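One chain, chain A, appears in both complexes that follow, with chain B as partner in the first and chain C in the second.
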Partner chain A sequence: MSQLVKLIIDGQDYEAEQDSLLIQLLIDKEIKVPYFCYHESLGADGNCRMCMVGIEGQKRPQIACDTLIKEGMIVNTKTDTIKQVHTDILELELINHPVDCPTCDQAGECSLQDFYMEYGLHSSKITIEEKVKHNKAIDLGSNVMLDQERCVLCARCTRFTDKITGTHELGIVGRGDEAKVTTMPNRPLSNPYAMNVVDLCPVGALTSKDFRFSQRVWLLESADGVCHGCAKNCSIIIDHNKLKYKDDTIYRFRPRRNDAINGFFICDTGRLSYRELQENRQETPLLDGVKISEDKAIEKAKELILLYKRNTSIIIDANLYTQEIEAIVAFAQEIGADVYAPLDIYRDEAFGDDMLRSSMRAANAQTIINMDINTQKPKKVGLILNFNHPEKFESAATINFLTHTRAETALTLPIATFTESSGSLTNEDGITQFSKKVIHKNIPVPTLIESLKRVSQ
Partner chain B sequence: MRECQIVSRKFHIENACTLRVAKEHGAYNSLVKLKEYDPQHITQIIKESMLRGKGGGGAPAGMKWELMPLDDKKPNFLVVNCDESEPGTFKDRQIISKDPHLLIEGIILTCYAIKAKAAYIYIRGEYKEYQEILQNAIDEAYSAGLLKECDITIHRGAGAYICGEKSALLESMEGKRGHPRLKPKQKEPEWFFGNATLVNNVETIATVPFIVKNGADAYRAYGTEKSPGTLLFAMSGHINRPGVYEAEFGTNMLEYINHYGGGIKNGKKLKALIPGGVSCGVLTAKECEGLTLDYEALRSAGSSLGTGGMIVMDEDTNMLEALKNILEFYHEESCGQCTPCREGSGWSDKIVGRILEGNGTKEDLDKLFELADIMNGKTICVFAPSISTVLVSFISKFRDEFEAVVS
Partner chain C sequence: MSFKFTEDNLLEIERLKKRYPAPQALCLPSLWMAQYQEGYISLEAIDAISQVTTIPAMEIYRVATFYTMFHLEKSDKIEVDVCKTLSCKLCGSDEILKHLESKSDIKINHVECLGSCGTAPVMQINDKNYENLTNTKVDAILKEL
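What follows is the complex of A and B.
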């Protein structure tokens, strides 16, 4: 730990580590300064020249992302000169920008738009004919679309593929105002983390092919969540919206910063997992493939449990919340059933890597291990109660508690998905996170705990 | 006017580019000093000679050499900057095509002084034919056993002006996009793949043999007190004998033009002059009167010496067209890294183009001054400030010509 030093910013006293980056202190202390290229995960590049601040003793304004904090430094971010510099450089940034905000998906969460409202508000001094024209819809691969005209060439995306993934698909070609981000011919953007460039892009140059044109961002509600794609449990933001006459729907997952787990990023598989989550939902109880009422289903379940007393095994999906697993274990003791949570099916060596993807593709497998639940396959028994485990096991009778539909004839009770209920999860490194109910369906599906209660009454 | 032949001594000798002829005329004579001097001593001589970098900046070369660590386990490198792309500058190509062995001799001495085992010559891609001459000379030097202590490799650039900026040059040599690097916070050498590296211009290195052989005083005998020695000054434009002629610093500018260049073409009058490649501010004929060719004099005249490549413009020159020509170059060559330069270079070119077509307004002129201000001192390298210098010097010094065409 290096030494703490004192400095003054806009007349206020601050303390910071010596030789740390000034821009990071400004961001942490929420002192507004415009910037495009700096990103905590990628470091300083110094190309956008927006984060100019005045430093006493220095003749010219300096970029905060290339200024190291020193004892007694006096920094000004609000003087007229500095404000003018921000305005001037922003004007240049916008000179060749198409200003197509009405059709741009980034509108509403665009740094360029925000900075214009804050520092710009000038009218354009260049005609449309004079603007440099570039390609506006390039499919880079991996669900990422590029609009070269909107790009501010901050190089965050190219630095991401250079420094974070090391895959080097993206680069800048051309010089001056002809410079543009691109991929090389026949070398599309293709890595498991590619879509993070969409979040990194401060403007509407890189957009998600999956999300674009689906919602205006200001209509979305954001809630914290935890990705269930693997045992890593990356922290995410769930963006959802309940349109009039429609059901509460998730439109995208975005990474939520969590330095203990995923830092700034998530993998594309996790990011797109919201789609499967909402498709083919088990919404009503079934018996022999036919819809039945909930009451009838509960009654039937109770009958079977009674019939096969002491001849029952319970199978638990390793993606369930810890509270749900505990409730199931308690229920099993009540009825004298054995509990299994076979983990082999979740193992996917091809999926795992040394970044954010675990080869254990079950969100709460660690809890199964911590609770000493048998992870072997169950022996053949009379009745199996399957709590959303993906495998099917042999038995005389089966009761399924399912979030999603399956080709099954057994008695099936619907249960809520993880976004429709609350609970906690422990990841493979032993970090526990709590996840709140986010989605409120028009016709709610009972949570696992609610169903269990009714069955055990 | 004193004749100077520190670098240009063998330029007029036929086939001096071959080892045989070069040796007949004293090439590689200075290498005997290597037996006498240790590396630090050579650096000391260069420092005492007050040799200033001849690539345009004019920074003291010895100070740069001193930054090289001599007891480090990691290798040191020498990179010779031959990416000569500044319009109006064509002196380095004289050295590599007329007397390449002088450069090789300089490289051997410099590598010895900075304890480098390898030197790279970064040559602009367009210099294909000169590169072949240089390569032949290097091959000859290898065959003659002159390059036992250090290797010389030529690295061809791909035609980007910005790669003449030393940090962009190193990025380019590392296989990356030629973008200037952020400036270090303290005095330190350049870095090539993380190894300490010295980057010097061709002419700077070609001056080293003379200084090592004859001593620092012999070099300081030429030039002025603060700008000692000589430079390969060059002339182009409206003069009778354009070309490269070595002269000592402090030479009277107009005398030089008349003496070597044979005066302005067709007996016309001088209107304006750009002293050292287009990036230096333009001077009016009146400003040129009595001006001497050294760093200090040109600085106080509000311009700079740059590479010493003078562009001479006669009384018929349309300053708008001249400015447009220069701006087109900058528009084409801005590397596109920093916003003010990337967008400002293109925008200023477009505005001047508009004025040239007769569609300009008075506000356009004000906007150009504003742009010059935004581009000045707010970027990583000095490319954008150069555009500012050009814009401000052209428009303020020839304002009536600009005002005559705007509405």
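What follows is the complex of A and C.
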């Protein structure tokens, strides 16, 4: 660790590492300073010029993202000069901006809007007709839409494809007021992390094709969650809401910063997995493909379990929460059944990479391994209790506990998905996270533990 | 259609490689070579440059679009580069442009400063600057080509 030095910001004493970036200290200490181009994962670029601060001893205001902290530095962020500088630079950023906030998806989470309310509040000196026109709805590929007029040329997206993914699809071409972000002709944005540029974009230039025009962001409720796409367990934010006359619905997953696991990003597969999660849900108990009442299903399940006593195997999905797996194992001991959690089906070498995607596509596989559960396939037995495992195994009788519908005729009991119940998960690196119940359905589906309790009573 | 640098150009690139400390410096010389070789810079040429210089293709594309003297489209017409910067504007480049626009067998490119502000307005055809332009002078120059 390098040396700690003292500095003064707006008359307050602070301590920071020598030669670390001033803007990072300002952000960490929640001292307001406007910025577009700086991002902790991408480093300083110094192109937007918004983060000007006054430093005593320096003739002109300096950008905080290119200022290294030195001993005894005296920094001012709130003087009238600095405020005027922020206002003037913001006016320049906005000069060709179309100000189409009413139809912009970024509205409500847009840096330009926020800074305008804070520092701008000016009227434009040029008319709409005089503004430089660019293209407004360009499909860049990988579910990313570009509006070149809204862009402030902060280059976060191009730096993401240069530095993080190393795929170099995006770049700023042209010069002056003709400069714009684009891909090369016929070479669309295509990498498994492409949609992160939508989160990185501080304005409405890059929006998600998936989320576009579906909800206003201020109507959404955000809750912490954990992605179940693979054994990496990236931390996510689940944006959902329950509109009048509608059910609680998830509209998007966003990455949640977690330095121990995923940093600032998630992969596109994980980001879009919320769609599958909500489609084709198993909501009622089934027998031979026909809906039956819950009481009848529980009764039937109890009968079967009794009938095949000492001749039962239990199959566990490696995506279930640790608490659910523990409950199943306890139940198995109670009825004297063998427990299996075959992991082979989750292995997908093509999916894995050295960033955030694991080739083990089951969220809680590590817990299966930690608990020493048999990962082989079950031998042929009388009764199989399948707890949402994707494979079908041969047996005389089967009871399925499913989150999503399947083309099977066996007795089926519905169970809640991971967003509708709480529990913890351990990822492949041994990091455990707790995930809270987020979605409250109008007609709730029982959680696995609730169903299990009723069956074992 | 694929692009291949000529043997001479490849040798020249190898010679220049030793001169510069970083491969990025090879970008502009190789863009010039490609343009002289084919008359314009195709996407295939950008890929070829990317391969010999180990710079990502996008970065070369960015440079090629930034500088107005690089042409990314093939043109059968005579390319006339007209300066659009301050000195030429003040000395009447707008009038020259209007006059040029009436002609059909040329392609007009609006370019940044041609480095000859003292003799504005200026246009450039095939790397040659034509200075102190007037409409009659433009007609004479185009006739000569």
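By our rule, the second predicted complex is superposed on the first by the 457 of 457 C-alpha atoms of A that agree within 3 Å, B and C clash if a C-alpha of one lies under 4 Å from a C-alpha of the other, contacts with A are read in each partner's own complex, and residues count from 1 in each chain.
In this text, contacts are C-beta pairs under 8 Å (C-beta built on N, C-alpha and C of every residue); 3 or more make two chains touch, one makes a residue touch a chain.
All values derive from a computational prediction rather than experimental measurement.
J.: Between chain B (first) and chain C (second), which, if any, makes contact with A:Ile172: first, second, both or neither?
T.: In the superposed model, A:Ile172 contacts both chain B and chain C.
J.: Return first, second, both or neither, reflecting whether A:Ile325 touches chain B, chain C, both chains, or no partner chain.
T.: neither
J.: Which partner, chain B or chain C, is in contact with more residues of chain A?
T.: Of chain B and chain C, more residues of chain A lie in contact with B.
J.: Now for A:Val53: first (chain B), second (chain C), both, or neither, which partner does it touch?
T.: It touches nothing on chain B or chain C.
J.: Just to be sure I read the superposition right, which of the two partners does A:Val132 touch: chain B = first, chain C = second, or both, or neither?
T.: First partner only.
J.: For A:Ile250, is the partner it touches chain B (first), chain C (second), both, or none of the two (neither)?
T.: A:Ile250 sits against neither chain B nor chain C.
J.: Is A:Leu304 contacted by the first partner chain B, the second partner chain C, both or neither?
T.: So A:Leu304 meets neither chain B nor chain C here.
J.: Counting only touches as set out at the top, which of chain B and chain C does A:Glu93 meet: first, second, both, neither?
T.: first
J.: List the residues of chain A that touch chain B in one complex and chain C in the other.
T.: On chain A, the overlap between the chain B and chain C contacts is residues 171-172, 174-175.
J.: Which part of chain A faces chain C closely enough to touch in the complex?
T.: Its residues touching chain C are 162, 168-175, 183-185.
J.: Using the touch rule from the top, collect the residues of chain B that touch chain A in their complex.
T.: 160, 162, 177, 182, 185, 331-347, 350, 367, 370, 373-374, 377-380
J.: Could you please specify the touching residues of chain A with respect to chain B in the complex?
T.: That would be residues 44, 46-50, 52, 60-61, 66, 68, 85, 88-89, 92-93, 95-96, 125-126, 130, 132, 152-153, 171-172, 174-179 of chain A.
J.: Going by the contact rule set out above, which residues of chain C touch chain A in the complex?
T.: Residue list for chain C touching chain A: 43, 46, 56-59, 61-62, 65-66, 68, 112.
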